[in-house]
């Protein structure tokens, strides 16, 4: 995207909380969570060519780490750290969890990693339930500490009025998420354009050639897995702040399960594997659609009985994956490029 | 100086290389030739660390290459170009060539994502452009590789190997898939690399004419064995070589 | 001792079912190098058709309908989608199967709604007493059926022209094409077989004996254990699929008994990870050699 185009985009995103009501902002925040996670996955699967279905697991690692590091509950393990430190710590722990998977992530290739990573989803399901003192257990879960930045609380606390609009918890969280997304985006862009990004692509395209040029293939694979896990961990922190609760799943199809992993993969594929703006666009489709359909559900009147917004969205992104592979492997990113070329 | 010392490679019962020994002296253009299936590619893969020989040694100066993991070779000044080019087709020429700078640069995810390496990147990009200019592909530097003719991608592959700043350049059948005209141009480029840059080149090649015109030293393999080793003139008149090459066709 | 015997038999019974799934999975992989992530949805689809037809045509006919439909669905997926993307690499095609899996699974689960029907009528919940030990009939029948099907498969694989064609294509696709083996036919047959086997497997999975849970999203997740089964044996080894399937069944049964039911799900995947670290190509798989 050209540099000038960023200015209006930024202005609109910054101004939205002044105009939209809370339910719309919540929907937007959800898309931002998706975007952060999808950027991480597109680095791993698109740039480095390694499939992962473990994104849900690392979401859980990030979510739990934040809750434990910042937690102050009496009956649960909690360190009561400053929320910013807890957020950074949670991202670091998620990255380390990714590193711990290095013996597998570094050795197996491409699609095999996707299958191997399924193991983590099942492990996460078990650990989430078994480690109740950390996660709060499946029945009650645990409330995360409210996020705070240098004494400023991202809750309804205190009054903050901008342009006649009171900025309450939801509005404030919007800005927090926007900062986190912008940072995630900027960091990923920097990595992709330089040495580390080249080593990822080299590993994806030809391991023998990468090796001959001095790239340690095993280390690179493990490294990009850790980076992607860190992004998922950040998305996990965002998700507990969004739900305002950490609740481990009861089955493998919950917030941190297989379906979530697949949804993130769908974002990366639909956006165009390897493209960072594409990952954001993919997140808008995959995580935006169920939110928007829910907001419009009464107006639309489509949703009766078993047909729910989540179901319709699943059909849409399932079909979108098929269509992208069949007709436009570059995904939305390639479509965007083509439109740009047509206009110029 | 690259030394192969009695290298033997077996795949199960099959002997791909049988006590192969030869030496590539600094600055020379050394060709490794032989009929199809003679073991050229196996030998090449042993040197670049993709295959582990059953016995024998491969040394670069004092360093035993077999003790190292293969990705360390680039750091020792060994550049390699591939038979099938093995480039990233979606990336630009520059991006491909810059991969060769991997061991000459530093920086993981944190340093790269925070733009700490930006200045270094620029410096190395400038050098990569220089190398491309040297090989006559300077005009294509910013184009995606997929859009270029095969002859150009061959040169990109060599440019990437040169970006390693090698003392020894390994070229695996660079003329494969090229027409006569392109082959002649390639021969000139290889000669230029040797004379202008003073880099030792180990050239594995099937095309005898290409080799005989430019090589200083030729090692001939047949059925995994060295059957001749000498100057092009010596080798060309060697009865065993004639037999091996002609015998393969009759 | 008798519990242990029961456990082993339970494990082998379940393992036989996983072996059927893993075999289908491996056949597709061998023929096309595509990892089929839609395997679980084939299982669900077959089961669903048994459910909707069994009241009208009777269980036995419904079972046949279910098996055949799962096979035909697999065939349709291959012919209508995968075969049409000739330029796509196995990686992209695997992604495509994820999309297919989402669509089929969501639709079947939606249709099932809140009902969790059992569909193994002929053998489910009819325990046998043998020398003082209670045995699940489902597991015994599964073992028998799997033994017959797997034997038939291997005979066909070894001795028929179809088997030779499949092996040739797995070994060297270009050479196979040169000698006149039609890739499209071999590929289609591989998918058909995988679908049929998935249709058989579901008759045992959605039972009280096997999982205690009827046909549901959970059935799909049980079918996911075909992945560890195939990986443990080696993705390109048909014999490995059988060994891997049995291993997964045993690990599942033993960890359920000695650790916990909740842990058993991850146990089989953890075993898979250990195998991947020690032998990345699986117990019987061929090591991938680097070619440049």
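In this document, chain identifiers A, B and C correspond to the written order of the chains, with residue numbering beginning at 1 in each.
Convention: a contact is a pair of C-beta atoms (placed from the backbone, for glycine too) under 8 Å apart; a residue touches a chain by one contact, two chains touch by 3 or more.
For reference, the UniProt names are B = ABC transporter ATP-binding protein; C = Branched-chain amino acid ABC transporter permease.
What you see is a predicted model, and the numbers here were worked out from it, not measured in a lab.
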- Message: Going by the contact definition above, tell me which chain pair has the most C-beta pairs touching.
- Response: A-C
- Item | Centre-most chain, if every chain is reduced to its averaged C-alpha atoms | A
- Message: From the mean C-alpha coordinate of chain A to that of chain B, what's the distance rounded to whole Å?
- Response: 43
- Could you please state the distance in Å, as a whole number, between where the Cα atoms of chain A are centred and where those of chain C are centred? 32
- Task: Express in whole angstrom the distance between the two chain centres, defined as the mean CA positions of chain B and chain C.
- Result: 46
- Item | Residues of chain C engaged with two or more neighbouring chains | 290, 292
- Going by residue number, chain B touches two or more other chains at 50, 82, 86
- Message: Show the residues in chain A shared as contacts by 2 or more other chains, in ascending order.
- Response: 206, 208-209
- Contact set on chain C toward chain A in their complex: 35, 81, 84-85, 88, 90-96, 98-103, 106-107, 110-111, 113, 217-218, 221, 224, 227-228, 231, 235, 262-263, 265-266, 269-270, 272-273, 276-277, 280, 288, 290-292
- Query: For chain B, which residues count as touching chain A in their complex?
  - Reply: 48-50, 69-75, 80, 82, 86-91, 95, 98-103, 105-109, 112-115, 117-118, 121, 160-161, 164
- Note on the structure: Listed in rising order, the residues of chain A that touch chain B in the complex are 186-188, 190-191, 194-199, 201-202, 204-206, 208-217, 223, 227
- Message: Help me check something: in the complex, which residues belonging to chain A touch chain C?
- Response: 49, 51, 103-104, 107-112, 114-116, 118-119, 122-123, 125-126, 129-130, 206-209, 251-253, 258, 262, 265-266, 269, 306-307, 311, 314-315, 317-322, 325-326, 329
